[in-house]
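The data blocks that follow each hold one structure.
Common to both upcoming complexes is chain A, partnered first by chain B, then by chain C.
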Partner chain A sequence: MNWSSLLFLLCSGFAGVFAIAVVLSNNIVRMAFYLVLSLAATAGLFFLAGADFVGAMQLMIYVGGTLVLLVFGVMLTAQSQFVSMRTSSGELLTALMLGGALLFVLVFTAMNVPMWQPTNQPSVSEDTPVLTATPIGMALEGYRVDQLEQPNPSLRRGMSGYLFPFVIVSVHLLVVLVGAAYLARARRHHTESA
Partner chain B sequence: MAKLLNQCLDWIASWVGGSLPDDSLLGYVLAALIYVALLLGLVATSALIFIWLERKVSGRIQDRLGPTRVGGKFGWLQTLADGMKLLTKEDLVPGDADKMLFRLAPYISFCASLAAFIALPFAGRDFPFVAQHLNIAVFFVLAVMGLEVFGVILAGYASASKWSLFGAMREAAQVVSYEVPMGLCVVVPVMLAGSMDLVFLGDKQQGWFTNWYLFHDPFTFLVFWVYFTCGVASVNRAPFDLAEAESELVAGFHTEYSGLRWSFFFMAEYGSMLAVSILAAILFLGGWNGPIPIAGLLGLTWENGPVLGYLGNFLGMINVIAKGFLLVTVMIWVRWTLPRLRIDQVMTTCLKYCTPLAAVMFVGAALWHTTLPDRVFLGLLQAPEVNRRLTERLPDHSLDVQAIEQGTIAQGDAL
Partner chain C sequence: MPILASLLTEPIGVAHYMVVGAVLFVCGVVCMATKRNALGILMGIELVLNGANVNLVALGSPYLRGESATLMLDGQLMAMFVIVLAAAEAAVALAIALNFYNNFGSIDVDRANQLKG
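So, the complex of A and B:
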């Protein structure tokens, strides 16, 4: 066993163990804490795979997002001093069935995609940084540098940049945000009669 | 580094007839340990110096002397004496506390603060002094530094004390808000250099101080001050230290902490101060390129051989650390000069001043960069040839970014 598989097992083990801890814990803040550890271990897996842009994204969005979740969890649900949750056995059964089905689908897919089969590719060299963000940025502008060796010219042209879909998605998100702000805005009641 | 260590070990092993492959686990573990030891040494030693500096500077500002006795002159060993005192204190855990989270919280803060240093380079060029050379270093540092608040929130919650929870909630609101303008400010140098690689960003500013992004145009000059304000706020220093606010909340989130655990929070705070300052130094103040390129003038460059280049990098490292210390000193100066803001004033500063200012400066810098490309020092000087030629090379392709920019490769062909 080489060292990268050792680190992979370590990171994935952490992710798995803390994910189970989230399920088994009753205390809402501890749940959020275990969730953060699990997500951080997943970020470690991304870094291990050489996808440092995705790894940093995972840290920024998921781990940072869970932080906000934690704050809201404390602020909105704290009736007693330490919030704990009880789940009924019916909920447990439904969750087990749903989770098991999802696990089955994921494992089935992971085993059957030919590109994901184990290979003997050399691992990434350590001293020169892998360019992860630059190709993505260039692809947004319309230069797919990862597709330069694509022999089929029409396919090369077909896979032009992501800028257009990206702009559509961001405008969509903006509309959603404006809508949410509109719905959640404080309605001013002029009750200054007193 | 790991490969070099493995080769050295292989050479040693050859004396007894053994051999070691280039990618053996041993070299990687050793390299990681060396990096961690160096970074830990930097953070811990600088925390010692900063605490002493804080006492001396605050003393001078308040017309006192500050510590004078421990260690002879200037009380320079005062922090060590404080550290000894903290070690002997009893490690208290409140009876109602969530004990596991209470014990873990200081370590989480400290780990997040230390992890930011992994991607911070201390010298560049051919052999950068950096623990892990990341292509997205700026992004990584910002993402990791945002996690420090996690330990603070856990500490505030687990203490089972109202003061602690108030402090933690304030800190959460503050740090989450200030990440927005800080991110906007950081984007400006990233845009000018065209890369998120901190080593590349520093090298792009090589030469005289006229090449620093601080003086690139009036917008970047203002952005630096907005960044510095947000940096001070994001590490919870006065005038933004609402999470502690001694006059209102006893000691805020660390009210219930004592002894070594308390000192871990302080190490984390001083570590993040240094990280924010070094990031500012690399993004805006030329990083390892001093105001006068002494290393270049003395011929300590990589073109003249590896030994001289290494010495030049060493000078660069001193430069980075000196700039970081200078900015931390400014933070200390600000702390003992300005009164603490109220929570609504903190939010107003962030949302009504810093964020719009950063956004407008971003647009301004973008327009400046497109109308006056390859000009530095407020557009007065031509950028040096060597800086303009510096572009990121894409891996495994004979094509680089500059070739596309110059139109040598047409857009349709590249797709």
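So, the complex of A and C:
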């Protein structure tokens, strides 16, 4: 009995089943709830893969921020005729068949790459904790403390950290939030005429 | 159930995470294609991005890979950027959806067929 495998099965099962429930449910409120559960289970997968900081960010930003935003959107538009909008079964059948084919291709590919197969000699043993919060913070400021002993000198040139993407993302966030506030502002004359 | 039994005893590899990521991705794509509610389409986008995140984190994880694990934190940093950009995208898309709802009194994307309302 392998406990990490059991926990992986539990988390991946929750994530997959609730993602399928999002697709198959017609009620938008239930879809939002299933999505919260699926994303939280994915955070569990991140913790199991040793990405503690990313898992915490997944819980805080995705489950705590983005999904709250989505639920607000659902509540603002949840008139009775929009809560449950059905797709015609023909369209749903076509989409499910195409999705099944895509899933088959992706799973077949993932299973047949020899580098991705399970290994009995992981580069870090299971009981060694990997702390990622400080190296991630350093990498965002331009210092890759996790790649100091990179053996390949041609790879070492690209190890200068993520300061530039970090700055771009922060400016992008500022612009996006100003734009979203501009788009979503209340316009009196439109609502009165409608 | 021999497959399930071997899953419980053998170590987990990147391929297992890839399968979970593929399931999330396909669910998101089908969700985007079939939902008529604009917010349902947004949820599909979130699922797709989440499936990509699972792959990125798995490829960088030192627990899942042997000697070939040279990515270290690259996968996790990419996943962080994806999470942040998904939050930004959700904010803008929600603003557009609410604007559409205010102007047309509907959230059905099939009725969004003109640029200027």
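Assorted remarks:
Just so we're on the same page, the second predicted complex is superposed on the first by the 131 of 194 C-alpha atoms of A that agree within 3 Å, B and C clash if a C-alpha of one lies under 4 Å from a C-alpha of the other, contacts with A are read in each partner's own complex, and residues count from 1 in each chain.
The rule we apply is simple: a residue touches a chain if its C-beta (ideal position, glycine included) is under 8 Å from a C-beta of that chain, and two chains touch if they have at least 3 such contacts.
Please read all numbers here as calculations on a predicted model, not as lab measurements.
Of the two partner chains placed around the shared chain by superposition, chain B is the only one that A:30 touches, whereas chain C remains out of contact. By the touch criterion defined above, A:53 lies against chain B and chain C together after alignment on the C-alpha atoms of chain A. In the superposed pair of complexes, A:65 makes contact with chain C only, with no contact to chain B.
Using the contact criterion defined above for the overlaid structures, shared-chain residue A:107 touches chain C, although it does not reach chain B. Of the two partners chain B and chain C, more chain A residues are in touch with C. Shared-chain residue A:165: touches chain C; no touch with chain B.
Once chain A of one complex is fitted onto chain A of the other, the partner contacts of A:132 extend to both chain B and chain C. Once the two complexes are overlaid on chain A, the chain A residues touched by chain B in the first and by chain C in the second are 2, 6, 53, 57, 67, 70, 74, 82, 123, 126, 130, 132, 135, 144, 147. Across the interface of their complex, chain B is touched by residues 2-3, 6, 27, 29-30, 33, 36, 52-53, 55-57, 59-60, 63-64, 67-68, 70-71, 74-75, 81-82, 123, 126-135, 138, 142-145, 147-148, 156-157, 159-161 of chain A. Per the touch definition, chain A reaches chain C in the complex via residues 1-2, 4-6, 8-9, 12, 15-16, 19-20, 22-23, 28, 31-32, 35, 38-39, 42, 45-46, 48-51, 53-54, 57-58, 61-62, 65-67, 69-70, 72-74, 76-77, 82, 85, 87, 91-92, 95-96, 98-100, 102-103, 106-107, 110-111, 113, 115-124, 126, 130, 132, 135-136, 139-140, 144, 146-147, 150, 152, 155, 162, 165, 169, 172-173, 176-177, 179-181, 183-184, 187, 190-191, 194. Remark: chain B residues 1-3, 23-25, 28-29, 96, 98, 100-101, 133-136, 139-140, 142-144, 146-147, 149-150, 153-154, 157-158, 160, 165, 169, 172, 176, 195-197, 199, 392, 394-395, 397, 399, 401, 404, 411-412, 414-415 touch chain A in the complex. Taken in their complex, chain C has these residues touching chain A: 7-20, 22-31, 33-37, 39-40, 42-44, 46-47, 50, 53-54, 57-58, 60-70, 72-73, 75-77, 79-81, 83-92, 94-99, 101-103, 105-108.
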